[in-house]
Amino acid sequence: MTEPREMIRVEKLNKSFGDLHVLFDIDLKVNESDVVVLIGASGSGKSTLLRCLNFLEFKDDGNIIIEGEQVEADTHDLNKVRQKVGMVFQHFNLFPHKTVLGNVIEAPIQVKGMSKKEATKEGKRLLDKVGLGDKYDVYPSRLSGGQKQRVAIARALAMQPDIMLFDEPTSALDPELVGEVLETMKELGNEGMTMVVVTHEMGFAREVGDWVVYMNEGRIVEEGKPDQIFDHPKEERTKAFLDSIL
Amino acid sequence: MGEFFSIFIDSFDVFMEGMWLTLRLSVVSLLIAIVIGLFFAMLKISRVKVLEIIADLYIWIVRGTPLIVQIFILFYGLAEIWLIPEFWAASIGLAFHSGAYIAEIIRGAIQSITKGQTEAARSLGMSRSLTMRRVVLPQAFRRAVPSLGNQFIIGIKDSSLASFIGLQELFGVSNTMGSNSFDYLPYFFTVAIYYLLIVLILTIAVNQLEKKLAVSD
Amino acid sequence: GEDDTASDSGADGAGDSETSFDLVESGKLTFAASGEFKPFSYMEGTDMVGYDVAVGKAIADKLGLEPNPKRAKFSGIVTGVSEGRYDIAVASHTITEERLEQVDFSEPYYYSGPVVWLQPGSDIETEADLEGKKIAVARGTTYISIAEQYTDDIPQLDSDVVALQTLSNGNYDAVITDDVTGNAAIDNGLEIEEGFYLGVSEQGVAVNKDNPELTAEINAILQEMKESGELKELAEEWIGVDITVEPEGAAE
Amino acid sequence: MGEFFSIFIDSFDVFMEGMWLTLRLSVVSLLIAIVIGLFFAMLKISRVKVLEIIADLYIWIVRGTPLIVQIFILFYGLAEIWLIPEFWAASIGLAFHSGAYIAEIIRGAIQSITKGQTEAARSLGMSRSLTMRRVVLPQAFRRAVPSLGNQFIIGIKDSSLASFIGLQELFGVSNTMGSNSFDYLPYFFTVAIYYLLIVLILTIAVNQLEKKLAVSD
Amino acid sequence: MTEPREMIRVEKLNKSFGDLHVLFDIDLKVNESDVVVLIGASGSGKSTLLRCLNFLEFKDDGNIIIEGEQVEADTHDLNKVRQKVGMVFQHFNLFPHKTVLGNVIEAPIQVKGMSKKEATKEGKRLLDKVGLGDKYDVYPSRLSGGQKQRVAIARALAMQPDIMLFDEPTSALDPELVGEVLETMKELGNEGMTMVVVTHEMGFAREVGDWVVYMNEGRIVEEGKPDQIFDHPKEERTKAFLDSIL
């Protein structure tokens, strides 16, 4: 068995907003094809950690190593780094002035310089894949939340990232729409995409997750395989948290 | 009344020329003003203190002085530096003026675009300027359409002051014809009707445009 | 005859005048000038002065009335007189047919003529060279119809001085205005050149048509001032030359 | 620059008289405009269709034509009916103009006063007009202060157009002095400074007033 | 025992807002010095009935007889009628641009033509009475909700009305401030003021009320003495309502 490729390594990451220290000495490792699930109470720093991985926030201290390369905001072209790491947001953030297809092909054309024809072909393939083959020319305002989120996933995939980050992708959705998005994410996981997912969907975490990380007040309190965390949490706080959400 | 009607008919051709000049002035100055407004809106949101102060100063000066003073200063002032025809002096003067208002309109519209839009674009690897150009500004412009339309209507009315630096736009025509005939009133009534018509048509057009843009939202 | 009547009423004082004329403000002679036509009328501080104003004041004095000069945009003065906003205008109005339909005019109180003013080194030398050029004039002046004989491109400004300054900035090919005004501009440092005369003009005092007695009185007063040399003195004081006698054989 | 400075000093007295006229014009026209604005605001909220249409028409005409046209029409038009001095023609013209904007300001302020206030007054036996006078309008005016202050500043700048009917207010002074010296630019710069100063002082004053009024809220 | 004086009689009152029929054939009688308490679920028409009594709304049909006189909007000077009937609102509706004393003396001076001196004397007496003797010159924005409502009561009393209407006078108040307002109202009732009170304060209704009227969906379902209504309601709906709020 070969050593798996390390896609993300975080070492002693610290982050404050002004006086508010939000992340304390975070260490994290994500291997190729892993699906890592981040859980924790509101305000525990999950989003902040994810955003640091995509450089939407800048760390104060520590190292972030993406695909073997230590990334620093002042020496690296972050736009290049971000192309390797796709992100899906809680509130979709689709571009309302562009059609569904327009949303998906925008970055490949503008950033990668792909031809419009090629981008369209690839974009359509991705939209078909997420089950929106009939919505190419529709504007986002006409879509349901679940459809919007699947477009957002297709949009991120269109940049052919090596890693996908998901920040509570289903928590802004009506319950009956959660399933279709989780299904799409599950497929993605099964295809071998490396994923870091913040979610409260424990069924998904258990079924798709390879590794679960529980955060509390800016620290990683406990981590392990899903079965272990969910069935035999070691820490009291983990137990209390799981009780509160299940 | 009959007299007024015959004056209205007789002066039609000359007024049409004035109208054409008024429209050219207003459109050209609006376009320049949008460029100026965009520029200063960018300064305002740059988060660079000096640039913000420069933008504030510009806006303060424009809002703190009468348009007619601005037009004359530009007319004489620009002439000392480089000779430009009245048309361009007036256009630049009007643009300098409404640029300040447009800067505020655009800044407001940009700031009304959620941070989520920017983050989504950045997370796709789009650069700051690409994000501004392809994601933020198109949405901001769409939102600014009603206010920009309103500003355009104001610009049309303001262009009447260009007559004082010698342009025979609508108001200039009425002023000249009035002074030549020693009877201003019928010509001023006539020109008022033309302005009301333009403004009415534009108001309707802006409303239509707004409705059309709303479709994709 | 008439002369006597005029000097009598002038000498006898206000009582007489007030009964014979319908004035805007009783006891006052309200007369308009532009205040933007140096040296005929211009502002010294908040006072309007100049040849026109001096003549207006002299007329008021001789009518036994208090002079009440009013500033107005040149283009609105004739209308103002015919509407009764001002009793008279001593504002360098050239006597023309069109204006005579609106107001009465006195005998000329000075003579002049439209002059073409040019940029230094201009290649315009004759009337024929004016063809199709950009010729600026002040709104409401007789110079407009003169300019129209040569070109369609006629920017109209609010005063002759604006036109001249803009000419010196280089915006126009020519400006048509009075000899005196143009020379005053040159004296004040404007870089322009005197071209050539386009004719002779007679400037009169404009009076409301409902006041024929007033016109007659003013004619008598002007006649008297010409004879006594008073008008000439005023011209020399304000203009530097005598412009109160009709030029012989002026350029056609 | 030294030359500009000496022009600035020399012209001080004359400009002060112009300033005084500008202020008188602006204040008088503001007061008339408030009366006009109040009147049309009442028409707008009268719930009588005809009166509402009249108010709308007035506002539409004012917003649809340039101020300079309005001033000239009033100047020459009123003259045909009854000859009024330029000062009053200009004041009425400016008031006619800003009255439309003030009507909208006041209407908005009145409608921002809750129905509860009216009902409380009516339940105490106060008549409709007493309620308007003693309860609604005082509160509405207080709320309208920032907008009215802003409109006053606009009015000061707009009063520059009164120079075109012969008034020697600030802008008129700069124009005359420019024409006498055959060099407009320094005088226009000077007058711009005066306007900026007035507007600055007024902006501060309005802000102070706002703060003071906020105390009792 | 003499027949008590009849202050209000309502006969077959009907009222609609557009298509919405809100009051159906309401009959009501209020004698001098009575304290009548109106109860009922939200939307049952209590406020509308009260507002009809003060002519802030106009009935569609039926009669309203105030102190023996049948009042019609088109033949009576309603401003005169309203002077006999004071009203206190849920949200106080004090005049924010006037001081406490200014609020109280406004109507006596402007409507009754009382002299400022006299009005001030009477106003101070009333403010003393409601326990605000130290707040004459304060602006309403500086008062607590309970203080505001007591000023509103004093303001209404200053017009020397024969009848006082209260529309949920305590329901916009923090719980700890309810008591002071109820106390003021209780005193008023004990002094013999004729009162019609919409309230959910059952303790007050039981202690001060002479008559309780239960409304439901625009109709008077049941009425009677407080003990009877609260302890032995006849109607099922009354019972259900009382259970729901107690």
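For clarity, chains are labelled A, B, C, D and E in written order, and residue numbers in each chain start from 1.
We take it that a contact is a pair of C-beta atoms (placed from the backbone, for glycine too) under 8 Å apart; a residue touches a chain by one contact, two chains touch by 3 or more.
Every value quoted in this text rests on a predicted model; they were computed, and no experiment measured them.
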Contact-count maximum falls on chain pair B-D
How many Å are there between the centre of chain A and the centre of chain E, using C-alpha atoms for each centre? 60
So, what's the distance in Å between the C-alpha centres of chain B and chain A? 46
When the centre of a chain is set as the mean of its C-alpha atoms, what distance in Å lies between chain A and chain C? 84
Mean-CA-position distance for chain D and chain C (Å): 36
Among the residues of chain B, pick out those that touch two or more other chains and give their numbers. 76, 80, 164, 175, 184
Provide the list of chain A residues touching at least two other chains, using ranges where the numbers run on. none
Multi-chain contacts only, two chains or more: what residues does chain C have there? 76, 79, 158, 165
Just say which it is for the chain contacts: an open line, a closed ring, a star, complete, or other. other
Report the complete set of touching chain pairs. A-B, B-C, B-D, C-D, D-E
How about chain A: which of its residues touch chain B in the complex? 54, 56, 79-80, 82-83, 85-87, 89, 91, 93-97, 106-107, 110-111, 139, 141, 152, 155-156, 159
Which of the residues in chain C end up touching chain D in this complex? 24, 35-36, 38, 42-46, 70-73, 76, 79-80, 83-85, 158-159, 161-162, 164-165, 184-185, 188-190
Mind listing the chain D positions that touch chain E in their complex? 114, 116-117, 119-127, 130, 134-135, 138-139, 142, 216-217
Chain C-facing residues of chain D, complex: 13-14, 17, 76, 79-80, 83, 164-166, 168, 175-184
Complex contacts: residues of chain B adjacent to chain D: 60-61, 63-70, 72-73, 76-77, 80, 153, 157-158, 160-161, 164, 171, 174-175, 184-185, 188-189, 191-192, 195-196, 199-200
